[in-house]
Amino acid sequence: MDWATQVVNILQAATVLLLSPLIAGVAYRWKAWTESRSGPSIFQPYFDLAKYLRKETLLPQNSSAVFLVAPFVAFGAYLLISVVVPVITPYPIPFASTVDFLGGGLLFGLAGTVTLLAAIDSGSNYAALGASRTVSFAAFAEPTLIIVFFAVAVITGTNNPYVTNNLLASSTSAYLAPTHLLVTAAFFLLLLAETGKLPVESVGLMEFGMLEDGRIFEHSGRLLGLNRWNGWLKQFLLYSVFVNVFLLPWGMDAAPTVGGAVENIGLLLVKLLLLVGVIVLVEATVAKVRLFKIRDFLALSFSLAVFAVFAFAVLGVP
Amino acid sequence: MIAFGDPFGLFVLLAAPSAAAVLALIPYPAVSQAVARAGAVLAFAAAAVLLATGATGRWGAYLGLDPLSEVFLLMVTGVYATSIFYSRGYLEHVARPFLTPQVYYALLSAFAFSMIAVLVVTDLGLMWIGVEATTVASALLIVLERRPSSVEAAWRYTLVASAGLTIALFALLLLYVSTGTLDALQLAANPPAVTLPVEMAVALALVGYGTKVGLFPMHSWLPDAHSEAPSPVSAMFSGVLLPTALYAFLRVYRVLPSPAPAVITDLLLAFGIATALVAAFLIQRQRSFKRLLAYSSMEVMGLAVIGIAIGGVALYGALILLVAHAFAKSAAFYCGGNVLRTTGTNRIDEIRNLRETMPATGLAWVVSAAAVTGAPPFGTFLGELLIVAGALAAGLVWVAAVVVVAILVAFLGVNSQIGRMVFGEPLVPPRPVATDSESGWGFAYLNLGVALAIGVAALPYLSPALRGAAVFLGGSLP
Amino acid sequence: MDGSAEVVALVGVGILLTALYLQSESFVDPLIRGIAVQSLLLAVLLGWLAWTTQSVDLAILAGLAVAVRAGLIPYVLRRQIRAFRWRMRELHAAHRVTGHALAAVALAIIAWFVFQQTLASIFPQPGAALPFVLLVEGLLMLATRSNTIVQVIGYLEEENAVVYAGALFAQGFPLFVEVVVFLDVLGVVLVAVILSIQRDVTGTLEEAALEELAG
């Protein structure tokens, strides 16, 4: 292992850790624009993070170690994911062989589960409500995620996201194949649901319909800061996978040099900003669905994913 | 002099009802009715002559006759002619008809024309068009009496039948892809190798045309359409439309060599037994006599399908059953129509003592009810007997047992209900009489006579054609 | 995979997607527009096949699909419900969106398995199962929906399936154009006549009446 790939490895982890609040900040600001507000600075998440880290941490009386440990476990899981999925390189970096697509999905699942356990452990009704809602919708979202991975696997014959990226970037017919288009659509819907966007969830203070934020109701101070950061990490990672593997696989510098990786960071930012723009547009145009209709939304995503695999089976080509 | 030979007979057969369908639109009711009657009589005469001369062969690319189609032609034109004649009395009583008599006659002629077309074309695709055309022509006839329930029945009929027919079309596509031709006679002469797609095509055709025949799970339109349609149209539905759809299936079925693969005959048996049993038991709980008769037709179709599945003597029996049933059932519906317009109701519970109030119709009704359920000496009895005998000869004792049970249950159900209406004690207080014109029962007696004749006397004359048809369909007769 | 196969695949999956959408939609007006889109997609496919095979029949079929199933029938249907276009929906279907969507997908997979087990040997083309699946979806729609207009849409979907099948692998089927014309005639009969009779008989064409006309 030469030093260049090691540096790239560290660079990728750092990119994910440091840029994820920025993407969230841009999203907040642009969303504010659609509501005719000027919005907070795009660096507001960083300020928030600094503030949380300085604040006092309170623990609920009945909570156990789970409550305390969960944010760190989740943070670790996201950190691990950040070095195994294609973020700034189209070639596998050293850690990438640890897990494949499915393994990445399981790591997301781990992070989600510990957060959930912490919510239940807090003993608060609101947090438990958020947890139970999340789980009841995850029952539809998780199978979709698995099917999306299956669909990716049937396209390329492997579950390796890097292979998928290379195939899609190089072959127009693979990119335009019905399977890929359908799976991209399914993953986009899933993305909206997983990152708490409209029409699934409207984030704000004391929203009745909130799912993700409901779970971290009882955390405060550093733990809350970590939880928020976890949320941004999750969003950043999912966005990166979506743009690099599904939507815009092109243009990454394949040379395994530090310079190429830095170039790719810039490219990634452009792609992410495009995606954020699209999502803000979606959020500005759709209304929130009723809580019990979220199931329909996820069922649609699930149907699309199954259809993607189905289309592959029927057509016999990717 | 033009010989009344093959092509000319065929020409009359097609031209008479189609010309009648057009000319009946002349805005003079009397002319319209006369034209329709003339067309029907001409068509019947042509069919009878064709049957008598035993003319077979094909003319042009798409037309052809063989014994099977001649037998069915006689039956279709016979019921068509009597229905047209019977219609006059029935139409007079409809209070606020949806169709003018002219349009009614035109549609009825078009309906008959489409059925005749099914029987004389040799191309399976054209045959499918003919079956589809029967739906188009008859859908409106159901709504004649302008009840909301008849709209619903027409809707269900059109929708279910056309859904079934798309499946049949799919079957034809499969058949065409596997064999390269859709000419029924050619396919029958050189049966293609039995491959899975061919078997599947026959199975799909059974489901598709079976919808229109009224086989069990696809029968949902049948009782509604039969009970809502005006009686002459019900008679055509029951007596000849169902057999015509079965004929279209038989043409596809004949693609298979004989004996047919076990999987297909098993499927036919399953559909036939399910239909016959379900219909026989549903007969018991009907409250409307028209639905009663409709379910009885369904039961007969089930028996016929069983006969086709068994083959041989049973197939011969099934053909006799279909022909005799067509005449007997139309007689039953004519009587039912008379009762309906006299009493103004089709509820079995509200009708009693027809023996005294409507002696001619009542007697005909009792006899025709016995005839449709296979009482000796009618042709239906002979047909059912042969089906049972065929089942026994083929070693299918349990099938024979099931058939006997279905026949007996249906027999008891139909005859006890109609018997109650005719011979039952008068209702107290008596139901007011809606109209007291009891006309048209003559045609019931006429058709009953035909059904009787098939059982006792006419068989020798029909026999060559029936035998030919049965042999064509792969039966080996003793 | 040459260009033609790709067009057939893309459009075919698009048609099937519209079928999935139709299953899960409960508002009537989007359903009507959905079937129009499906017919248009089919017309694109037919047009493409007509262009590549220089077949006049297929071109006529494409024209029919546009004129009748994408144009005339949706237009008439939308006129029928114009007074309550924005609120008309099939109520009991509205509560079963998830169920209908999942049933549609499950049925598609079952239909495909059946196709693989039985007919795949004579239809080796990629995507040959799609018309078969579409036919089954149309039947499902007829079976599960009770609204009159939605049932017409189910019928049109079935017709699309048959035309699709005929164009894809039964080229040379005698009289296919005539057959399709007849199917269209029946569709028009269904729509125009039954609906007008209904208005004539029940005196109204309110939603309730359409909801009740069970088939």
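First chain written, first letter: the chains are A, B and C, and each begins at residue 1.
We adopt the following convention: a contact is a pair of C-beta atoms (placed from the backbone, for glycine too) under 8 Å apart; a residue touches a chain by one contact, two chains touch by 3 or more.
Bear in mind the structure is a predicted one, so any value in this text is a computation, not a measurement.
Shared contact partners of chain A and chain C are absent; no chain touches both.
Averaging C-alpha coordinates per chain and comparing to chain A, the farthest chain turns out to be B.
With centres taken as mean CA coordinates, the chain nearest to the overall protein centre is C.
Of all chain pairs in this entry, the one linked by the most C-beta contacts is B-C. Taking the mean of the C-alpha atoms as each chain's centre, chain A and chain C sit 38 Å apart. Distance between chain B and chain C, defined via averaged C-alpha coordinates, is recorded as 32 Å.
Note: centroid distance chain A to chain B, computed from Cα atoms, is 66 Å. Across the assembly, chain C contributes no residue in contact with two or more other chains. Contacts from chain C toward chain B in the complex involve residues 118-119, 121-123, 132, 135, 138-139, 142, 148, 151, 154-155, 158-159, 161-162, 165-166, 169-170, 172-176, 178-179, 182-183, 185-186, 189-190, 193-194, 197-198, 200-202, 212-215. Chain A makes touch with chain C in their complex at residues 173, 176-178, 182, 293, 295-296, 299-300, 302-303, 306-307, 310-311, 313-317. Those residues of chain C whose C-beta lies close enough to touch chain A in the complex are 1, 5-6, 9-10, 12-14, 16-17, 20, 24, 97-98, 101-102, 104-105, 108-109, 112, 126-127, 129-130, 133. Of all residues in chain B, those touching chain C in their complex are 98, 123, 125-126, 128-129, 132-133, 135-136, 139-140, 143, 146-148, 150-152, 154-156, 158-160, 162-163, 166-167, 169-170, 172-174, 176-178, 182, 195-197, 200.
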